[in-house]
Amino acid sequence: MKALLQAFDQSDWQEMTVMIGGDRLHVSRLGSSDGPPPPSAPQPAGAVPPPAPEAAPPPSAPAASAPPVSAASAGSNGAIEIPPGTQITAPSVGLFWRAPSPGAPPFVEVGSPVAAGETVAIVEVMKLMSHVTAPVSGTVSAVLAENGQAVEFGQVLVVVDAEA
Amino acid sequence: MLRRVLIANRGEIAVRIARACHAEGLEAVLAVSDADRGSLGAQLADRAICIGPAPATESYLDIDRLLAAATVTGCDALHPGYGFVSERPELPEACAEAGVTFVGPSAAAMRRSGDKATARAAARALGIPIGDGSDLLASAREAREVADQLGYPVLLKAAAGGGGRGMRRVQGPGEMPAVFTAAAAEAQQAFGDGRLFMERFVTSARHVEVQVLADGQGKVIHLGHRDCTLQRRYQKLVEEAPADGLAPGIGDDVLDAATRLIGSMDYQGAATCEFLVDAERATSAFLEINARLQVEHPVSEMVTGVDVVREQLRIAGGAPLSVTQADVAPAGHAIEARINAESPSRGFMPAPGTLERWVQPSGPGVRVDTACFPGWTITPYYDSLLAKVIVHARDRLEALERLRGALGDLHVAGVPTTAGFVMDVLAHPDVRSGRVHTRWLEETFVPSWSPRVAA
Amino acid sequence: MLRRVLIANRGEIAVRIARACHAEGLEAVLAVSDADRGSLGAQLADRAICIGPAPATESYLDIDRLLAAATVTGCDALHPGYGFVSERPELPEACAEAGVTFVGPSAAAMRRSGDKATARAAARALGIPIGDGSDLLASAREAREVADQLGYPVLLKAAAGGGGRGMRRVQGPGEMPAVFTAAAAEAQQAFGDGRLFMERFVTSARHVEVQVLADGQGKVIHLGHRDCTLQRRYQKLVEEAPADGLAPGIGDDVLDAATRLIGSMDYQGAATCEFLVDAERATSAFLEINARLQVEHPVSEMVTGVDVVREQLRIAGGAPLSVTQADVAPAGHAIEARINAESPSRGFMPAPGTLERWVQPSGPGVRVDTACFPGWTITPYYDSLLAKVIVHARDRLEALERLRGALGDLHVAGVPTTAGFVMDVLAHPDVRSGRVHTRWLEETFVPSWSPRVAA
Amino acid sequence: MKALLQAFDQSDWQEMTVMIGGDRLHVSRLGSSDGPPPPSAPQPAGAVPPPAPEAAPPPSAPAASAPPVSAASAGSNGAIEIPPGTQITAPSVGLFWRAPSPGAPPFVEVGSPVAAGETVAIVEVMKLMSHVTAPVSGTVSAVLAENGQAVEFGQVLVVVDAEA
């Protein structure tokens, strides 16, 4: 990850456009990054200001530091308790982002109402941004990964209490 | 120096690479599909990370996911194994972009060596015999002109690929247009590249190849030759080292040709140069380069004592080879048998299932490379290789005997295997005397073979 | 020619023998105790027959039951393995009476070779150095007289036995009476034979031994020497072939002595001659003969390519050896580590249990002889050997490294193992440089060793 | 087994005495054997006439022929159905004998009443005769091995319906 972000930092890209399914994502950035390496988070359509690292909620667990290898074969959410409800899982290995860009508010918080098809998070696979959408309408009852965290395919990211 | 390696593969080779990483003091992270979370490789690696669902297109064939797995787990290197994306130059490119060391050649060297037409041209430039044939063919008409000169039958081959896809025999000029079109279409579908070239068809051909290691700093050595003549539909079944009974000079010729050819390519890592040996004419002709680790690398390891995967890791980490050419003195004879979860009596149909029983042979001169264990499920998503049973003995006949004994001590329940079929192959007088060619299995052995009752 | 062999043993060696039988085209019938009905050996043998309850005295140590098992299953030969009744001359006697071929020497040859005092006398008659010491001692008084001449410390040893039982060090004349009595009592209890003899105590001794094969028709060859210096309480822990770094001439001396000694004994089968090498004086002294297969036979197999168990079966069946002395050219270096289900941090207490996990190493130059598999239960009735992990490499340092790597890839859950302890032993500078003696483990290594946390 | 019986046949023994626990068994034989090799069955105290092979019930499965090796790991009684009741098992590998000697009537038949401690069969281990006794009083409901058959340790030989 460090290497990836270094490569990203060291590139002279000012804009990046990514196609996902029918969605077109476009990122533009200005100026240099600072602090913990910024996630290369996308922004729908149009140029945005440079990402402010501290804006990415929550600020813990910087994604750029190589996570220590753990003996645990991850695959699931490990010791985290998953509340009942409709589970939304990661469609791929990648980085988990709660917001469309580091400066932006998160897609959802616990308690947020969501509509079926609405984006609840992004999983980034080598600069390719996958929107993770709610399969049902309801209320978010848990967000189980931290912003910028590495996630595996199948890992539960968000739980939604479906409407009755 | 490397520190942590992502293994972008599965099955026995993932296990093999994980162990080589540990032997080199490196951490091993295994990228697994959803179907492989409980695999032996996942158990042996320091960490496994699930990259996608079971289908290979969304997991082991997805370069982005593989690189994401490498970067989010802090790997500084990636080992591609064999198969899957191991021969796609986009992989070393993506690694370079992500700042991850690729365990293998550069994308440029992979392109130089992997493209058959380019590699043939390079060989010809070095004076290495490439066999009668053509450069790239522009059309069926050009193909017919070349074939008329070579004499029928001829073989059309895909420039981009291997494994028999895009490869067709043409018996006479009348069928050239149709066969050319079909072969080009098959090559296009398989490799995204429909270019074809032609070779004279050799009636009694042996497949001989040379394992090469190049440190990327100018040092290129070989680990002797192998014989992989026993093939079924271009899939190798039994591989040996060394290639016994070659006509005088042929063995040295191919060793020399292989090291010179790889040495000319600014190549780094392990490579295999394949040759076709015409037993009747006592000539060898360069065929192609495999720019990766090969399934049959263990037979070279057995006779030379060199650990090919560890050398790959050393090279990738910038260390010199641990051996010089002078150290390489092949001793004895090694044979590998690939055992698949297939039903030989049903046209070798792959047969997934759960291993109710898995007891593998062991003992002097016996090695088994496998990811099987009791209770593991062979899924239909990937190839059907269960294990490579490898033996080493003082000479070829002793090795054949030892391999048959070892296969008899392989006890599998839950899936059918090709072990009994391979045992019968090994017992055949033609195999024992070395009088086989690359089509012997299909044309001579299989038609006359029937499974023994109550094996 | 033999047809069907009863294996009168259990554990890894039963598996080893069953596979050797199959390699020789023989059927294998395994005698099992009630506790071993589900063992790997029982699965691999053509048939298993339960001879008695779990305790060895009512199963593997009961010669009548073993012979009954052989006769009722129609076996025409019996292989005793090692341990249990393998060194009891009553076994070849009972076999002869029942018309079953014993895979090993005659009872007479076993007595000649197995009795330490007799064997020492035979060696002396051939001019083989036997080290300073005595013949059988009639009394503590005679022992003191001999010891006064040899110089203290001295070692009292049981004429009949091995494994350290009846063996005591005597530091000075004052303690001779009490130690003599205790050693004689211990020997009497262990072997039913309280006779003792004495040797000068060697401060810096290496244990070197020679694997010998005798066809019973006058042909006697050796398979090179082994070093088994790393011992704990007279139990070998790590064994190597060849014995590196011997003073000039010593290696050839012991090879020559071993073949001449066995050649003088009308011996048939496999035997090992043990020698004590005094590193300070650069001398060797004959110690004793083991008239059976030994645990550490695989290291000799790895460097010579000769399958010792198959040769045993060939000899028993009246066939000549498959090799001549000229064929035996040890190549490279092999090391074996015995891995036990013991807790090193609790004084190596055996710890039975069920193997929740058992993943064994594999790869180039790695061999594992074991009867373990996932789910198998290690019972408290027998010894605690889980596996012999054996490696072969080009030289000793590479072999040490390879063995450490292999042990790191041994994954066991359900019982504690000595793997971590052995890995630490292998990493010690004294072991790497070969500066160890037979008491080094107990006196130097173990006292300073502590298990690594979270291994 | 063939070898054992050959050795036995070829010996010039006329008498054999075996001690088992406190019991003393003594066998004496006269004349040559004929037909299927005679089991070396014992006879308590005293010389007896030469064994008549056909007297050993049932006459099937001659014990002397080397049984073919079967892939089945024996251990139990295989496919034989064992009726309910008190099971009497083999104390050792060996040969199963229903009668004290080939000419003698069997110790028990199905339907025989037995007293606790009474001998119901013999298991022979290399000429050593082990008496197999009933642990309970009752009625024999099954005899599960054939005369002269090789048995394993733990194999059920006889089943007794215990008295209520």
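A, B, C and D label the chains in the order they appear, each numbered from 1.
Simple rule for what comes next: contacts are C-beta pairs under 8 Å (C-beta built on N, C-alpha and C of every residue); 3 or more make two chains touch, one makes a residue touch a chain.
Just so you know, these numbers come straight off a predicted model, no measurement behind them.
Think of each touching pair as a link: the shortest run of links from chain A to chain C has 2 of them. Any chain touching chain B that also touches chain C would appear here, but none does. If you average the Cα atoms of chain A and of chain B, the two centres end up 39 Å apart.
Averaged C-alpha coordinates give centres for chain B and chain D that are 61 Å from one another.
For this pair, chain A with chain D, the centres built from the Cα atoms lie 78 Å apart. Each of residues 43 in chain B touches at least two other chains. Within chain D, no positions touching two or more other chains are listed.
In terms of inter-chain touching, the protein chains here are arranged end to end in an open line.
Applying the touch definition to every pair of chains gives A-B, B-C, C-D. Contact residues on chain C toward chain B in their complex (touch as defined above): 15-16, 19-20, 22-23, 40, 43-44, 298, 301-302, 305-307, 327, 331-332, 357, 359, 361-370, 373-375, 392-394, 401-402, 405, 408-409, 411. Partner chain C is touched in their complex by these residues of chain D: 1-4, 6-7, 63, 65-75, 91-95, 124-126, 128, 150, 152-155.
Remark: chain C residues 4, 27, 29, 31, 33-34, 37, 42-43, 46-53, 58-59, 64-65, 67-69, 71-74, 76, 94, 97-100 touch chain D in the complex.
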